[in-house]
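Letters A, B and C name the chains as they come in the text, with residue numbers starting at 1 for each one.
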Amino acid sequence: MKMSNEVKVGITVLLAFIVAVVGFRFMRDVPILRQTMEISTHFERGDGISQGSIVNVRGVKVGSVSTVRLTDDGRVRVTMRLDGRTSVPENSVAQLTSLGIVEGKSIVLQLGDSDEMVEHGGEIEGVYVESMTELLGNRGEEIADDVSASLSELNLFLKQLNQTFDDDVSAQMGQAFGNAEQVTRQLSEILDQKKGEIEQAISAGSSMLSQLDTLATDNRPKVDNIMDSLESNIEELARVREEMERATASLNSILEKIDGGEGTLGKLVNDSEMYDNLNELTIEMNNLVRGINENPGRYLRHMSIIEIF
Amino acid sequence: MIEIQTLTKSFGDLLVWEDVTFRIDDGETVAIIGRSGCGKSVLLKHINALLKPDSGRVIIDGKDIHALDYVDQRRLRQKFGILFQGSALFDSINTFENVAFPLRYFTDKSEEEITETVMRSLSYVNLEEAAGKETSELSGGMRKRVGLARAIVLQPSYIMYDEPTSGLDPQTADEINELIIGMSETLDITSIVITHDMHSVLEVADKVAFLDQQKLSWFGTVEDMRKSDHRELQAFITASEYQIKL
Amino acid sequence: MNALKELGNYSSLLYQALRSSTEFSTYRKNLFQELVKVGYDSVPIIVLVGIFTGSVMTLQSAYQLESAFIPLSTIGAIVSESILIELAAVISSLVLAGKVGARVATELGTMRVSEQIDALESMGFNSVSFLVVPRVLAGILMFPVLYIVAAIFGIGGGIAAGYFSGTVPPSDFLQGARMYFYPWNVVFGFVKMFVFGFIITSVSCYKGYYARGGAEGVGKSTTNATVLSCIFVLLADFVLAALLL
């Protein structure tokens, strides 16, 4: 059949028009042929929903949002266009909730048990359900405060621990070491003092022996005299030795005391309990840090990290 | 009656011709001759205002066609039929439709009347049998004749031929010349023929306008032309006659 | 200087066309012929362009957005929005600049050099009204129609490509497409096509109507018509985006 140009143009334009209308309705999610039902609801806020957002009943899509607008009393009125076959009881609740963390919001109809069904143009109750992210956003501060408090307590404990070491033990230990040092120094001083005398004595002895050698023969009476002075020298030597013995004994007694667990230093050295305590603390802290590292979520579950990401 | 008065035309800096003045009386056949590129076709297109002159007037039946507005200009143009050099047939439609074309747009004739008028026009040029043919199937001579049939279909008072015999064999050219004579005699049409074919001029024309050296060099009757001692005109005629004898 | 002269000639041709657009009886028949040639005859190529644009867009978007955090519906949103707002109009127009623009320029150019336009004028026709007006009108009227075809087949092609390649299920595609469907985009697409239709047909008419220099001249003006049409379409696209978005 040969068509005239007018017919061809007519067909083209008509088909395009039909396709455009159908396509438009399709994109706006208006069922093309089926009957639709409009119901509306109010929410405190309308974050994340817009024209075309999905309306679900138990996870099954039954329609979409057709208008979202602000009412005079500051609430949000949402009109939904539902498949005509959906029956919504009067006491159903529309929840504005999110599909997932990144996906948009949708409306979920929690069907009630009433026998009365909502008519076309009717209205049901609406509840705005805070999403995970919003929850995190709102409670983030609180959680951050908690965490911060925990951390400061930990800090305080560590500081106290440090102080304990600083103030008592450290000072005592310093004292003990100071005492020991003093003793050693005194000992050294004594030896220094007596060193001259010893040397003198030895040299004197030496010169005396040589003199003795020469004088022995020709000065017998003088030898006796020398012998006397030698005796006195030896006595003096013995006294020095006694003094040294005493110093050693007192050093010994200090070391004994330390060994015996007397005084802080002694306790530190001898009492294993304290060491154990410290050791235990270190392990515990190690564990804590490792735990945080491995599973931050467990400790920072309520932190708003996800929001940051 | 067509009066051409002090017509001057140039394209940019290039002067085509200046101060061209002559008159074409009703019933006459005037040949415009001259060498190729001397502006014969340009002059033709000034007569029915397809081109606008720099100065001068073209008065057709008392009206200056260049002074009219577009609508009146077009109405006046319909007094002219033009046979274009390349016939200018519309190649999207067939022979019959080409001839019928002006009728469909400018007359209220019924389909029968149109058919009748078209066939009569085609019969003037002896081409009734070609009515159903596509224009691409026509030979050069046939195209000219169809063009002529189309030019006369609105029964114009004037008909202008732009090189009607160029590119045709002598026999066909003769046929066309006879047609031109026949048109002016049977239909009492005033004709303007552009050509450089002296044979054609001698056969069809009453008067001759010779364009040379960017002006109307000579204007007069065919008899006067033979006797004229105008040097360039004689040279032009001689060259053409030599060609004819050959 | 030359460009200004061309602009002047172009404008005066448009003015003439506008003035003679009232002579409906002159171009009525031609208008329907042109509506068929511009609209009806271009439908197959536009269907092809639409399908391929949509399917290529889908496959490439799916490839680029391959991430667990981006829902598949995003691809549908991107593809359908790009098609409605830009691709259906611009790619179709570039193709039509070749198809319609070249034909118009060649037709008018041939008529000019074979003196057919002079013949029309000498018969008392208003050649602008007879030749230019119906072509430009056909462009203005039919391009938006072709936009519908390109858009529908583009989105359809996108859905099909997503389904057959297994990258985007149709339901996800549609969900995204619907979520970001703004009627204004469609209006914008229509406006674009309206403008492009005018540009392509008017530029081609201008180039053809003032062609000269025999067959070679016609070839030259056809080439110019196509190239200029494409350039002006892209420029107009930019200007419209700047003005209307």
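Miscellaneous remarks
One rule holds in what follows: contacts are C-beta pairs under 8 Å (C-beta built on N, C-alpha and C of every residue); 3 or more make two chains touch, one makes a residue touch a chain.
Quick caveat, the model's predicted, so the values are computed rather than measured.
In the absence of subunit C, the touching network of the other chains comes apart as A | B.
When every chain is reduced to the mean of its CA atoms, the largest separation from subunit C belongs to A.
The chain occupying the central position, as judged from C-alpha centroids, is C. Centre-to-centre separation between subunit A and subunit B, using Cα means, comes to 105 Å. As a whole-number value, the distance joining the C-alpha centres of subunit A and subunit C reads 64 Å.
Centre-to-centre separation between subunit B and subunit C, using Cα means, comes to 42 Å. Subunit C contributes residues 25-26, 110-111, 114-116, 118-119, 121-126 to its touches with subunit B in the complex. Interface residues of subunit C facing subunit A in the complex, by the touch rule stated above, are 32-33, 35-36, 39-40, 43, 69-71, 73, 80, 142, 145, 148-149, 151-152, 155, 175, 177-181, 183, 186. On the subunit A side of its complex with subunit C, the touching residues are 4-6, 8-9, 11-13, 16-17, 19-20, 23-24, 27-29, 50, 52-54, 64, 100, 102-104. Of all the residues in subunit B, the ones that touch subunit C in their complex are 45, 48, 50, 70, 74-75, 77-78, 80-82, 84-86, 88-91, 101-102, 105-106, 154.
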